[in-house]
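The data blocks that follow each hold one structure.
You will see two complexes here that share subunit A, one where it goes with subunit B and one where it goes with subunit C.
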Partner chain A sequence: MGRAIVITSGKGGVGKTTTTANLGTALAQLGHSVVLVDADIGLRNLDVVMGLENRIVYHVVDAIRGKCALQKALIKDRRLDNLWLLPASQTDDKDAVTPEDMKTLIMELKHGYDFVLIDCPAGIEQGFKNAIAGADEAVVVATPEVSSIRDADRVVGLLAAADVPARLIVNRISPHLVKRGDMLSQSDVIEILALEMLGAIPLDDQVIATTNKGVPAVLEGKSQAAREFVRIAKLLAGHEVPAPESVGFFKRIGRVLGLSASPA
Partner chain B sequence: MDLSNAIVDEPPAILRGTSRGLELIVNGRAPIDAIASTIEARIGEAPAFFRGNDIRIAVDDGPLATGCLGKLDELAAKYDLRIVEVGALAAPKPDLAAGSAPVVDELAAIPEPIAPVSAPMPAPTIIHEVVEHLVGPKLVIGPVRSGVILDHVGHVVVFGDVNPGAEVRATGNIVVLGRLRGTAHAGIGAPMGFILALRLEPQQLRIGRQVARAGDSDTPDHDAEIAYATGEQIVVERYQGRLPKNLAASL
Partner chain C sequence: MWENIKTFFVGKPSREVAKGRLHLVLAHDRTGLDGGRLQEMREEIAKVIAKFVEIDAEAVEIQIETRNRETQLTVSSAIQPRNA
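Moving on to the complex of A and B:
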């Protein structure tokens, strides 16, 4: 039986889809079978980031409504044999599925794959409720901005109410802005959210470039962000993981990680 | 309702929160106008707290005067309350002296430690907790996250942070053993109250009917601080291990 992990944030545009694509790809590279579920019905874009847009025939709503077998809606990745995508529908809206539908669907996927990563839509309405319905755990993505953290805090509360344990990824940290004191640091973020932190993804031009090409950054390989995604994937899979690389601000993360015990 | 008067005289009406919703005890001998004005004054202290609740009416000491129920109905409609039950007061009368005693006495009167309430994890919607008076302070395991509203009739103690966007409301005092970064409203419906936090960095403080917002200066204080109302304003000062003299005297 696999694990279902929802990637969520509350606020839009903080990198949920990019994180889902990269973590999924990294987990697949580690040898796990992975299926990515785009729960952003009506505004699908995980397929675009994965570069699989032109292969969509059926989508998640078709599978739920029984228009096709679930296996038929799954798209195999171009590059990795053990990575699959269940795309969202572009024409329906969030009310097209119910949390119960999603629970059943995710449960079915968990029987066939090691990891089911669910890309949650922004917001805390129906789409969010659908996305977290079948999840065993959550990864909350926040950027070091006050608005993002405020939303993440709200989402963590909602996840706790739904009994979904959450861990944190801080995305788009800019080391030199933090050093200048113009950006919140990881410790600021952790202080407010009081969550266990999986890692911090540095702001990286390469992620933007590869995302636009439909290739997850971890496949292109060498950037700092890609290495951090791989490290987080190993952490998720329960591998032994070295402390984050000690380049300047990463040293600080190590310290913070040591301090950031999970709250009650 | 003036709390101090309640100790001395039979008030025309007592409005209080219980675990089943609001309870209104009406003194059958009191004049209709006195009853109505007492209720209006009480609701006026915290309209949002009362609005939309179920209310049970218990009549104490004899039948209601003619027209009184009509007046109550009118008030209920005005404040969006649903009268779900009207009856004679069956249970022994609430201990008025204890129920409305000054805050310090109530703190002193807490007989034994109260078992911690399980962490009030935020439901998808706002949490409104209306709990029986006199059950003692509510113990909350934090963090209290954005979007959560904690309501309590009595005192509230939070172990952990109150995050921005969260709100803690109490008819008594509020103690935050952590950072208070959201909004706190102490002494709802009371003339006094205080808010104590290890780090007082709130968005807004409200005590009774007074409101203070955080200053624009950016100088975090690392000491525990206490906020309380004096006459016309809310005063914040360093907490030095005991209540400030003028606050202690006023309680």
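Moving on to the complex of A and C:
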């Protein structure tokens, strides 16, 4: 029996879909079977972030209504052996699905896959309720900004009320802004939200570039953000994981002097 | 040292300002109390205290704060000395 993890945030635009795509891809790279479920009905995006938009025939609402078998709605990612996407419908609205529908669907998927990652829509209304209905646990994504943290706090409260244990990913941390005193640090965010931390993803140009191409950053491997996504995926899967890497002064000097092969 | 000098000249780092604002906003969000309701509560509490001791109702202070997902309500008031 697999685990269903919902990726949620309250606020839109903080990186839920990118996080879902990268964690799912990283888990598949680690050898787990993974299905990504786009629960953002009416505003689907996980398909484009994964680069699978041209292969959609059926979607989650078709599968729920029995218009097709569940397996037929799943798109296999050809880059990896064990990664699948269940796309959202673009034409229905959020009321097309009930929490009960989602519970049944996610349960069925959990029988066939090690991990079911659910990409939650922004907001805390019907779409959110649907997305968390079948989840065993949650990953809350927040950026180090007042608005994002405020919304994340709201979501943390709702998840607690629904008995869904939650852990935190801080996304788009910029170390030099933190150092300058102009950005909340990951420990500030943890202190405020009082949530267990999975990791912090640095703000990384590479993620923007690979997302443009419809390739999750972890497939291109080298960026700092990609390495952190892989570390978090290992943590989720229960592997032994080293502490988050921080780029130290000497390492950076080494890079400047060309002593290290890793990209700056 | 440098931080102190910087703070003296340019004020609090924006990171600290953000933290302070969040502590306050979240305390209100978590309790569902907005500014107006909080003032109402302050006035009601002041009335109750005034039944027992002499106070300056205007000087009653009310504050909500959150730490580790627990929200604390603090009411403070100076009590006037008893008239002999």
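Quick note on the criterion: the second predicted complex is superposed on the first by the 246 of 264 C-alpha atoms of A that agree within 3 Å, B and C clash if a C-alpha of one lies under 4 Å from a C-alpha of the other, contacts with A are read in each partner's own complex, and residues count from 1 in each chain.
Note that in this section contacts are C-beta pairs under 8 Å (C-beta built on N, C-alpha and C of every residue); 3 or more make two chains touch, one makes a residue touch a chain.
Everything numeric in this text was worked out from a predicted model, so none of it was measured.
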item	value
Touching partner for A:194 - first (subunit B), second (subunit C), both, neither	both
Which of subunit B and subunit C A:30 touches, first, second, both or neither	neither
Which of subunit B and subunit C A:183 touches, first, second, both or neither	second
Partner chain(s) touched by A:150 [first = subunit B, second = subunit C, both, neither]	both
First, second, both or neither for A:158, with subunit B first and subunit C second	first
Subunit A residues contacted in one complex by subunit B, in the other by subunit C	150, 153-154, 157, 192, 194
Subunit B-facing residues of subunit A, complex	124, 129, 150-151, 153-154, 156-158, 160-162, 192, 194, 263-264
Complex contacts: residues of subunit C adjacent to subunit A	3, 6, 13-16, 18-19, 21-23, 25-26, 29-30, 68-69
Residues of subunit A touching subunit C in the complex	145-146, 149-150, 153-154, 157, 178, 180-185, 188, 192, 194
Footprint of subunit A on subunit B - complex, ascending	119, 121-124, 141, 143, 145-148, 160-161, 163-165, 181
